[in-house]
Amino acid sequence: MKWIGVVDTMFSRVNMGEIALEALAAKPDRGQRFDVVRRTVPGFKDLAVEAQLLIQSHGCAIVLVMGMPGAEAVDQICAHEASLGVMAAKLRTSTHILEAFVHESEAGGDEAQLAAICRDRCAKHALNAYDMLFDPGSLVARAGGGVRQGFADAGRVKVEA
Amino acid sequence: MKWIGVVDTMFSRVNMGEIALEALAAKPDRGQRFDVVRRTVPGFKDLAVEAQLLIQSHGCAIVLVMGMPGAEAVDQICAHEASLGVMAAKLRTSTHILEAFVHESEAGGDEAQLAAICRDRCAKHALNAYDMLFDPGSLVARAGGGVRQGFADAGRVKVEA
Amino acid sequence: MKWIGVVDTMFSRVNMGEIALEALAAKPDRGQRFDVVRRTVPGFKDLAVEAQLLIQSHGCAIVLVMGMPGAEAVDQICAHEASLGVMAAKLRTSTHILEAFVHESEAGGDEAQLAAICRDRCAKHALNAYDMLFDPGSLVARAGGGVRQGFADAGRVKVEA
Amino acid sequence: MKWIGVVDTMFSRVNMGEIALEALAAKPDRGQRFDVVRRTVPGFKDLAVEAQLLIQSHGCAIVLVMGMPGAEAVDQICAHEASLGVMAAKLRTSTHILEAFVHESEAGGDEAQLAAICRDRCAKHALNAYDMLFDPGSLVARAGGGVRQGFADAGRVKVEA
Amino acid sequence: MKWIGVVDTMFSRVNMGEIALEALAAKPDRGQRFDVVRRTVPGFKDLAVEAQLLIQSHGCAIVLVMGMPGAEAVDQICAHEASLGVMAAKLRTSTHILEAFVHESEAGGDEAQLAAICRDRCAKHALNAYDMLFDPGSLVARAGGGVRQGFADAGRVKVEA
């Protein structure tokens, strides 16, 4: 059985971890082929090391980290630092860590919209994590498909032979 | 017994380390379940390696680093470098290092306000460090709660089921 | 026989991996001196660790990673993070990883142009990967040649002796 | 006996290494408790690896690196790269490396002012290096003191109990 | 005998490697105390790993890497990534890697000027590499001298005793 790690933050205004847990709970092979472990950290700059710990100490085969950068300029720099940390944790562990960040500014101040983006992005990335473990061919089939999380897909541009 | 490391700077205009020490001293299990070691470095770019040393040489289970970026443009770049260093130290040691930075500009030149932000942020992060060691479930319970340090919480946005 | 890795993304709007595969399939020594392994990941921030995995676990001698940054400001920061990850993966593995990114903004909204840039850049970098393995002298011969991928070469500036 | 490393650059317009050497030569225990080794590199992007070499090969217990970023925009990016390198060298060696950079723009074109900033900042950081080795408690006593190098101290802001 | 590595790019519009080779060929002890190995890579983001390979696999004691960032905004970000990679390669190998980048914009569109800057900067850095191996004291003698490559020296600012 493989472990999928799910890490979110207290700082986020939406319970992103719960969304991911629900998406994965709907899989019929939950508890047989995989199970989920969840952690919460204070803010998104704490996600990288928690993901690394889940891989190193808990044996997770993949981790999904979720956070919500605020709307201030300093929040963008912090999000950049958080992402660089997640990138470094992937390379240190040679393990995929999917990053689902929802910037508060994406919703333009509309809380229902904010929740909708979180629901879509976190659920889709949870399913991506599942596919990367158990059905990598399905990703190749979608290569170049303009696939998006949080919004509708952007669509494919054909290359003339 | 576990060690909590506390590192602050000479550059900061507020004695941030003392605030953290006081918050942790109020815990009844101080000296039984945990104790605190404190260091001071010249500036915030020296925090990361000192935190790493406290983990590697002193055996700290978690470290709280505190600094106060100045208001100049170059200070923002230095703060970014300092934060990237803290991030790298976390991943090198597989240990949480909580970062409590108070930008001097956050207080708009009001020294009492500056002290108040420091007091709130440093104390709350000191308690976060404690909870991460001894009560990680309390963080999961607050996931997505819009929890803030230095200011009031931003509040939770509900996701419709 | 040497393995050349090819990694692209679901996020890209063009099937970049297919372009690279076709360019390499035209080589007469395909299947004798080298063969190709292909992977697809969700987005370009997942390319670095996948390339590292292809080197560490699949034994690739070189990897070509391809992605398509979107036109938003946040996409530029993500592209920077993705590139820093690719850089780090190169140094961790002491192996060349060629990066072929096509910014959606390069085509000014013209989808045919977008496809044309992808076709040129991905195919040329696939051939660069081949030359780096089997004919490094051909790169020295082109040193300082103003060689471009995705557009016409910029040309050589002579230095007076 | 402990070694203090001092590294400066040919690029700088002020002999910063000499200032540091003089500050440390004034210590009565020079030659007994500590001695100084000095290196010069072409530019500030060469400081990090030289500091690392002084720690790894010469056994330095602490290193002071000094450089002078020019006034052009590209110089600021290079200074950022140089600082990130110094940060990484600290973490790789688990050793403090104090960074004394004087931006040419800090002096507003006044060469006497430029020299004065260098003299103050380099000498104070040389003494900080000494204190970190032999009197770390003196840093704790100055925690939150608004201590500056290159200019007068910014002063302490009291926190009401 | 020591090896000096020289790495340049196909992207550059000037044959920078050739300039470095000529500068080093003029040294009378070439072939006795040192010899030169040269590589060419596609672009400047490939320089860092090639330099690392020359150190790790070819035993180079120092490497000179040369590249020419284009004039577009994205080129500046790529140059930053390339430089961060070179910095990381230095620290991974504990070996100096001198970076000679000539931004195409430095010449303001004048190709003769572009070639002249390349000739000056690449040749001077080739000689710096030689001096760092065989005459490090000559660098200390030039400390704080305002030494430049690509342009005339900026000159020394005296510090009053």
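Each chain carries a letter (A, B, C, D and E) given by its place in the written order, and its residues are counted from 1.
We take it that contacts are C-beta pairs under 8 Å (C-beta built on N, C-alpha and C of every residue); 3 or more make two chains touch, one makes a residue touch a chain.
All values reported here derive from a predicted model rather than from experimental measurement.
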| item | value |
| --- | --- |
| Steps needed, at minimum, to go from subunit C to subunit D via contacts | 2 |
| Type of subunit C:subunit E copy interface by residue overlap (half), same or different | different |
| Averaged-CA centre spacing for the pair subunit E and subunit B, given as whole angstrom | 41 |
| For subunit A paired with subunit C, centre-to-centre distance based on mean C-alpha positions, whole Å | 25 |
| Subunit A residues counted as touching two or more neighbouring chains | 84, 88 |
| Chain order, ring traversed from subunit A with subunit C following | A, C, E, D, B |
| List of subunit E residues in touch with subunit D within their complex | 76, 80, 83-84, 87-88, 90-91, 94-99, 103, 125, 128, 132, 136, 139-140, 142-149, 154-160 |
| In the complex, subunit B residues that touch subunit D | 8-19, 38-42, 45-46, 48-50, 52-53, 56-57, 70, 74, 77-78, 81-82, 84-85, 88-89, 92, 111-112, 114-115, 118-119 |
